[in-house]
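Shared chain: chain A. Partners: chain B in the first complex, chain C in the second.
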Partner chain A sequence: MSKSITVKEKYPPGDFAIWIIIYVELVTFALLFLGYAFSRRSHIEMFNDSQLLLNQTSGFINTLILITSSYFVVKAVKSVTSMTKESIKESNLRASKWLLYAIMCGIAFLVIKLSEFIHIFGQGITLSTNKFFMFYLLLTVFHFMHVLLGSIILFNIYKKTKIHGYMPDDYKGFETGASYWHMVDLLWIVLFPLVYIIR
Partner chain B sequence: MKYTSQAVAKPYFIFALILLAGEILFGLLMGIQYIWGDFLFPLIPFNVLRMVHTNLLIVLLLFGFMGATYYLVPEETETELWSPKLAIITFWVFAAAGVATILGYLFVPYAELTELTFNNLLPTMGREFLEQPLPTKVGIVIVVLSYLLNVTMTVIKGRKTVITTVLLTGLLGLAVFFLFAFYVPDNLIMDKFFWWFTVHLWVEATWELILGAILAFVLIKVTGVDREHIDKWLYLIIAMTMVSGILGTGHHFFYMGAPEYWLWIGSISSAVEPLPFLLMILFAFTMARDRKIKHDNEMALTWAKGTAVMGFIGAGVWGFFHTLAPVNMFTHGTQLTAAHGHLSFYGAYVMIIFTMISYAMPILRGRPHGNCKKAQKVELASFWIMNIGMVGLTLALSAAGIVQILDQRVGTELIGFMESQESIAGIYMIRAGFGVLVFAGLLTYFYSFFVKEEPQQA
Partner chain C sequence: MKRTLEYVWIILVILTIFAYLLGYLKLISTSLVGILLISTFIKGQLVIDYFMGLKTVQLKYRLIPTIWLGIVISLIAVAYYLPVAATH
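So, the complex of A and B:
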């Protein structure tokens, strides 16, 4: 019975509800991305000048960190989806190890981003400085909060793996959290080139 | 009725319905004043009617929420109410204070009322929707606190469910955000900020939690769908409500002297605000489709579905029309705003109270299977009459708003306010007509309470 449910609900992975949330998040960010693009068109010089004040290196490092973290999450998901009745303990432990790496990546991202914010705010830049920085702050702070939430979600899954809480036919919650994390990563992959690089 | 203390909900429901009748009646009088400006002059001026109309709405919704809570919480927590006596005392205190305040509005000039009620000690009066004299405001706080205490103590001693948690969160928010009504900064822009912290965070954040919880409760009862299933939907709806609703406050900060970034924050987050309402439609209809029981009280489910649909249209669609900053620049404060206000309050909040009353009242009156078929037929008729009336009224107000925008805001040949109002007079007639229809619907609804039970039904 439970087996048939797992098979039936293989796609989309995780809980259906998370996909509604993911699509709403994507739409919200898309609106901000579009707003950025259209505003940029009428203030190209100001956008380009302001962009020079951003630290592209830290942005790039953060990109690598998030992509790597997603890889770790994929490995963690693989550990539980390939689990058999005999390997519950090992699979959970293996997943917890990968998750720990992913969480560490998330924390590293947050620390680097915080130092970037401190630097930006130290220069007296606020939401009202100009349109570029308004979008920069709205997008990155909003995304920062998502990374924070994503890390907390991963940590909760991590805690459950530590007590071998996932079963061969019960890892929906795991996939739900992982899907959210991938969304957070995906958003940054669009955000980084758009705000930091494209001139 | 599973718990005897649920009976305290009954007076709350009845009084909410009486206030609703009053609210619509005063709305009708205003509708007539839009056509004949001298109507009731100098007895009751427009501004007083408007104040009574909107204040009655707020108070009737509070009574409705309280009644719904007192009915729902014992069943959810599986225990009697902490203090039914307190609930009854609160009812009488609140009812007396409410009636006294409305009479004060009607019979004492507002300026005099401010002097009589110590507004000079702590000036809080004179702001739209929060016109209540200081003693009334303090009374509201006391009533809400004792109500919260009663509900919280009940929840603490009983079973904890997602519905009660969401409901309590909403009620707590309702109480906390009302406190901003006591703070009136001298700076007009700051004043607006704090005013919206009460008004917006009530109707577009915390009240939506209350709405979601009541809807979920009724759906569990009339569809028999598993609680886990309902809970998940509820979580999803409230998560989305909170995220979009809190930042959505920004759509009130356009062009009022607030920084420009609010144009973006307000526009984008409030563009997402209709989604929780869309989810409510999916929620109600999916639950109805997957229902495990067929409850004899079919009207409760009809109202529940109606709430989701009308809430989405009124709050979601009509809100979205003018929530984007570039559009709002032209539409702000026109009859389009009134159109949105009417259908959203009716669709989301008045209808959820109808939903709850339709479900609970027959049980409170000793009819666990709902009213008899004939009474339900009458109620169904009232459902359609009121809904058609409200939609017609909203469309008329929207048309009036559009004419107003074209007359006064778009292009170069603009005309004055009174001239524009004159050009809308015909539409105001239609609006008043639909208003009468809504009132007729409400009377039909009242009549459904008095339809005699068919003997074979028992």
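So, the complex of A and C:
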């Protein structure tokens, strides 16, 4: 019987500082998620009625978009981490292709979310309308800003891949940006069922 | 093993469609919320392991987001299932 032994990496991918940021962001969002969940207990009917005003389909499409963009980003990361000295140009170009797809997904997410915000604000809904919309707007606007920042980060990585800027021994910045993007995806994976589905 | 990422993506898509259909077809019920939360945990763990790449990193770094996810999902379940005290 053969047994494969996997040697574990000592540190997570990317700059260690990004992991501190990621852990802090996770805790911040956790407080908002739980604030929503426990506030709902005292206003169940109002939360259920308000939730009906949300567009579940756009939330669903945005979830698919973020999951797919994360997949594209992993493919881009694999392109650079498997790079050799002979394949620098080719690997950077392959990574840039995957990143471009991921950025397009990021933009699609932002456009869909913006249209959702326009619809919500068009109905005169604000932070002070009720507790449901207070949490909805806090969570989704905060998350929207993270997607925006993540897209900008991915675009900067993309620009560097276009000039073949990543080397076999220098791609930490790439992994750092990718880790941030996956965090944005992870947060939405919890946000979508909590705010759009559970009632 | 070569297609692991593709399989992960497919599972994520299927679980997302499952969640959407529960909401869209108004099938969401007390018991299905539990299943939905479990499927959300699975989705999150797949992202942590395969997209964030923490499956191949020392356990402590993988455990931090896993414990975060477990606590958040469990407390959401508590908030949902704990009986609401009657108000006077």
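Following the convention adopted for this analysis, the second predicted complex is superposed on the first by the 189 of 199 C-alpha atoms of A that agree within 3 Å, B and C clash if a C-alpha of one lies under 4 Å from a C-alpha of the other, contacts with A are read in each partner's own complex, and residues count from 1 in each chain.
As a convention for this text, a contact is a pair of C-beta atoms (placed from the backbone, for glycine too) under 8 Å apart; a residue touches a chain by one contact, two chains touch by 3 or more.
From a predicted model like this one, the values you see are computed outputs, not experimental measurements.
Of the two partner chains placed by superposition, A:Leu93 touches none, neither chain B nor chain C.
A simple residue count on chain A separates chain B from chain C, and the partner touching more is C.
By the touch criterion defined above, A:Val27 reaches both chain B and chain C. By the touch criterion stated above, A:Leu127 is placed in contact with chain B alone, chain C being left untouched. After overlaying the two complexes on the shared chain, residue contacts for A:Met104 are found with neither chain B nor chain C.
Using the contact criterion defined above for the overlaid structures, shared-chain residue A:Leu148 touches neither chain B nor chain C, since it reaches no partner. Counting contacts by the rule stated earlier, residues 27 of chain A appear in both its interface with chain B and its interface with chain C. Across the interface of their complex, chain C is touched by residues 6, 8-13, 19, 22-23, 26-27, 30, 33-34, 37-38, 40-42, 44, 56-57, 60, 63-64, 67-68, 70-71, 73-75, 77-78, 175, 179, 182-183, 185-186, 189-190, 192-194, 196-199 of chain A. Residues 5, 8-9, 12-13, 16-17, 19-20, 22-24, 28, 33, 36-37, 40, 43-44, 47-48, 50-54, 56-59, 61, 64-65, 68-69, 71-73, 75-76, 79-80, 82, 84 of chain C are the ones touching chain A in the complex. Chain A contributes residues 15, 17, 20-21, 24, 27-28, 31-32, 35, 127-128, 134-135, 138 to its touches with chain B in the complex. Taken in their complex, chain B has these residues touching chain A: 232-233, 235-236, 239-240, 259-261, 264-265, 268-269, 271-272, 275, 279.
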